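Listed next: structures, encoded as structure tokens.
In the two assemblies presented below, chain A is common to both, partnered first by chain B and then by chain C.
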Partner chain A sequence: MRHLLPWGIFALSLLLLPWLFPSVLGISILNEMAIAIVFALSYNMLLGQGGMLSFGHAVYFGLGGFLAAHAMLGMEQDGPVFSVTLIPLVAGIGGLLAALLIGSFSTRRAGTSFAMISLGLGELLAALSLILVGFFGGEAGISGDRSLGPDFFGFDFAQDRQVYALAAVWTFASTLLMYLFTLTPAGRMANAVRDNPERAAFLGYRVQRVRLLSFVVSGFFAGAAGGLFALHNEILSAQSLSTANSGNVLLMAYIGGIGFFIGPIIGAVLLTLINSVLSHYTDLWLLYLGISFVLTVMFLPQGLTGLLMMHVAPWRRGLLHTLLRPYLRTAVPALLCVSGLLALLETLHHQGEAVIFLGISLPGGQASNWLAIVLIITLAALDWHRSLPALRAAWQRATRGETP
Partner chain B sequence: MIDALIFATLNGLLTGLLLFLLASGLTLIFSMMGVLNFAHASFHMLGAYCAWSIGQFTGFWPALLLAPLLVGGLGALVERYGLRHVHRAGHVAELVFTFGLAFVIEQAVQSFWGPDTKNYQPPALLDFPLFTLFGQDFPAYKAFMLLISLGIFIGLYAVLTRTRTGLIIQAATTHPQTVASLGHNLPLLHTLVFGAGSALAALAGVLAGPVLGTFPGMAATLGSIVFVIVVIGGLGSLTGALLASLLIGLLQSWAIAVDLGMPDLLHWLGVEFPVDHPLRDIWRLNLPQLAPVLPYLLLVLMLIFRPSGLFGRREG
Partner chain C sequence: MSLLQLQCVSKHFGRTRVLEDISLTVEAGERHAIIGPNGAGKSTLFDLISGRLSPDSGSIHFRGQAIQARPPHELAQLGLARSFQLSSLFPRLSAFENLRCALLRPMGFGLSLTRLLPRAHALTARTEALLEEIGLAERRNTLAAELSYAEQRALELGLTLASGAELILLDEPVAGMSRSEAAQAIQLIRRVTQGRTLLLVEHDMGAVFELAERISVLADGRLIASGSPAQIRTNPLVQQAYLGSAIMQEGVDA
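And then the complex of A and B:
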């Protein structure tokens, strides 16, 4: 029963969210989230579960997406007509075949070599996509109409809501399948090969075969995500298989936490939200995203999920409440310091123009203003630093189970 | 035809030597720390931008010296307070860290210097054609770039093989434990090499800024190429890096100059294809189109058939 609870919550939230956010924008963001979840989970199949750091995962996403776009275009131009519910499957098979071809040589080694091959292939395909105009559509991309297939129980998929229904079903099924894959012997061997390839080879496993299997399955789901993307946008451009898209999925998986199955889901949801919400408030959101990413790599190697999981032990001991006070004590100067830094960056960015930050209007270009911000940052940082020993002590008490 | 080839060769040599300024630092950092620095080309870009900004106050020449020093210092700080912290988590975390750093630097440049190309001009002193060949000018600034790049290569070679520091650096790439137990400060050496590598990249940026353009995408366009060079030359090999730099520089510049392609090949073979053939894009490919693809094609082939690179002794 306990195993089924998270899946119930997942299915329920997929079901309820479109009723909570019924606007066009809301549904569109939900669609993007569903796509990002499948893509990020497929990526973590390589990085988290297989120990393969890829800088070119968008290749399979993009190729699957282009295949889906061509399938939709084909329905317009006397190609085979079939239900669009199968488009992600077509795209997935495209991603799978591409992964089979590329993986046959790129999975020979993990580590830096694998990362370099994936980067090289990513750049190669991104460059080719601008040259081979027939398949990739050049600057304009390939667009198709998703409503031309036969009706599926009254759905013609003209509206975003209906596409969300399809995306939600595909996302749930893909997530379940990818989770079940981690439980199979192949999924377990992927972990073994990640941790100690020599030993796995010594036990008689063909290391490359194990990696290739993960790689191909991952390619399938990346392709399926690309297919959903094509259905959602009805257009595909070279942007989808660019290295920037590959970098984005790395950010999602890492910020969410690559050591946990649920990590990439959290990362995908969070980054999609940041992408569509935060970008309305500041021009600098990509900079903040990058800084958060670097800080995550430095201080939270297990990502946000890891941070949450750290609190399981104190919670089991019933000592979580003892952490509240020291947390609040640290949070006040920390928030002050971070807002000061953000204010500084925003005023620097706007160079002399007034900036409205957290409801406060900051006139730009005045030395006294700058001085005040820098002073606040310094004082807050000092206080933040001073509050840390108490937090550390409280944390040790809570995890070791000693009551204060 | 012949005049285009001569100019392509000169430009290819120039690009190659500039790429070498970047690749030499990257390969040295890799052989010491085992880390492929994604942010290396970002330091190159920062060099160009800093030089442009400093140049607004001081003119070109002081900026040529100050910008690399500034960026080198920044690189040393990144190694000391960032990379060393991540080092404990292993190579994958280090690679991801430098990737994130490259992302941050690109965004920072875009936010604070603006998304447009800077009007970064070569100094007036060198703004004249050095010689004219077949009616085409060869700018003196390009010759100056060639000269500086060559000088740096010779200087680097001399430092690494003739000085005490250079010998310790060389020893530290192969026998780090021995070097450390002989009493040399290995972490300090890492910081110094990382800083020096960043400064070299920045110097390349200062030199290249006026010719290749100073814009926020310059790190992304160059970064992957430098990786290609370091891998093709063999990770950690300075000679390999030089040869691979020249190879890539010349290859790209020749491919652009020689206007041949599949149509010519097919014509020569006597094969004709209908205009609306499904694979028409492939039958129409020509070398100038393929120029940006060639380095990556070379990289993939290299990694498949000779993963240790031209002069590499070990695999990544």
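And then the complex of A and C:
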């Protein structure tokens, strides 16, 4: 029963969040989160579970999306053919077939050659999308009306809420299926091939087939995510299969933690929030995102989930509370230091203009201002540094189970 | 017909001839050891038989089929399993998961997308039993990368024995184990290879004389002798190849 608890929480969150954030923007962000979860989980099926670093996963997302857009467009012209609820399935099958075609040669090797092929194909498709105007719609993209399918138990999917309901059901089902995949022989052998392809071959497995199977399943869910995206936006442009989108899903999976099933979910939720909320407040959000990624790679190779999981051992020992004080002690100067750095970057960016930072108006272009900020950063950094030995000691006590 | 037959097999790396004109037969049910000084070419011979490398000339037949150009996974499917002198494990999987991966194919799970491992009770039971047999029951959930050297050797042996293959190739299976661990491993090898065919490379002459009914001696890439343990002990060529080495002496005492 205990392993059903996370699924209950997940289902309940999907169900209750639209009531907590009922605004148009709220529903829209929730929709994007649901889509990002499916996309990031499908990506991690390659990277975390299969050891295949792809720089072109948006290809399957985008192709699925365009297929979905064409399905909607078709219904606009030929009338309702099949239920809109099945559009993600159509998109998924599109992603699956594309993955079968491309994977048949790209999965021969993992490592650098796989990564390079994925990057090359990503660029190729982005270029094709501007050439094959019939399918990709050129600069304008392809738009379709999602409300023209046959009624589905009174849903016509004209409203965002109804589309969210559809996305939530698809996201829950996809997440469950991708989780079950990790428990199948195919999923386990994907881990084995990630770790040691040669040994897997000597156990009687054709490693390319093991990789291809993961790749195709992953392509299906990426395509389905693209289909949900098309339903949500009702327009699809070449942006969706660009390398930028491929990079984005890599960030989600990595920052969330590729070593855990739940990692990409956490990354998807967080990055969707950052993308849509932070971008309202600052033009520099992409810079911040990039810095967060670099810091994650350097200091948290297990991602945010890894950071959370590190606390399981002290928690089991009942020593989690002993970390609270040293954490607070470190957090105060750390936050001050980071805020100072952000203020510095923002004032540099808006040279000469006033910047509202954390509710404080910082008149731009004044040397005294910058000097004050730099002073704050320096002092905070020093204090931050001084707080670390105590934190380290507390951490060791908590993980080794010695009470102070 | 012999289970395994090598005819005039040669292999060189660049200019160095590592194996020269090797002809060797292994009968079904036989326990056959290959001994020889370091660098004699024993591991290279295993690489050729198991499909990791292909010979420059000569032929290798397994169960009557020419196998010298077949990839490792096909040979494994034909019933050939091998261990590696340097443990070749799945480092980020637990000891249990390592063994389960090795048991998937022999127990008919293949690459199934519809069966769930937690529900495969027979598979789990078989994995636990094998884990017990190789003495790693207590290290069930430890990642292979975090096992000690001797434990990794035990797991390496487990991965190979799990296959239930007709022909089992073991490359120095007890090297690096303590005396008692080695004795246990030898018992396990003896039991698991009952009714199967074993080709063994080992420096521990105690293990060789305990396990093998036939011994072939490789020196400098050539097969210089082949026969029963008694014949090998008294063979003047072998004694010459081992001149200055205490290995044969140790074997005689054992």
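The rule we apply is simple: the second predicted complex is superposed on the first by the 402 of 404 C-alpha atoms of A that agree within 3 Å, B and C clash if a C-alpha of one lies under 4 Å from a C-alpha of the other, contacts with A are read in each partner's own complex, and residues count from 1 in each chain.
We adopt the following convention: a contact is a pair of C-beta atoms (placed from the backbone, for glycine too) under 8 Å apart; a residue touches a chain by one contact, two chains touch by 3 or more.
Note that the structure is a prediction, hence the values are computed from the model and not measured.
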Practice prompt. Could you tell me if A:Glu234 is touching chain B, chain C, both of them or neither one (first, second, both, neither)?
Written response: neither
Discussion item. In the overlaid three-chain picture, which partner chain does A:Arg109 touch, first (chain B) or second (chain C), both, or neither?
Written reply: first
Fill in: Contacts of A:Ala192 with chain B and chain C, given as first, second, both or neither
second
Worksheet, complete the sentence: In this superposition, the partner of chain A with more touched residues, chain B or chain C, is B
Item to complete: Check whether A:Ile117 is in contact with chain B, with chain C, with both or with neither, and answer first, second, both or neither.
Response: first
Discussion item. For A:Asp145 in the superposed arrangement: first (chain B), second (chain C), both or neither?
Written reply: neither
Worksheet, complete the sentence: Seen from chain C, its contact residues with chain A in the complex are 50, 52, 71-73, 76-77, 81-82, 84, 88-93, 97, 100-102, 104-105, 109-118, 159, 163
Worksheet entry | chain A - residues contacting chain B, complex | 47, 51, 53, 55, 105-106, 109, 111-113, 115-117, 119-121, 123-124, 127-128, 131-135, 243, 247, 250-251, 254, 283-284, 286-287, 289-291, 293-294, 297-298, 301, 345, 348-349
Worksheet item: Contact residues on chain B for chain A in the complex?
Response: 36, 82, 85-86, 89, 91-93, 95-97, 99-101, 103-104, 107-108, 110-112, 220, 224, 227-228, 231, 235, 278-282, 285, 289-290, 292-293, 296-297, 299-300, 303-304, 307, 315-316
Worksheet item: Along chain A, where are the residues that touch chain C in the complex?
Response: 180-181, 183-186, 188-189, 191-192, 194-196, 198-207, 209-210, 213, 217
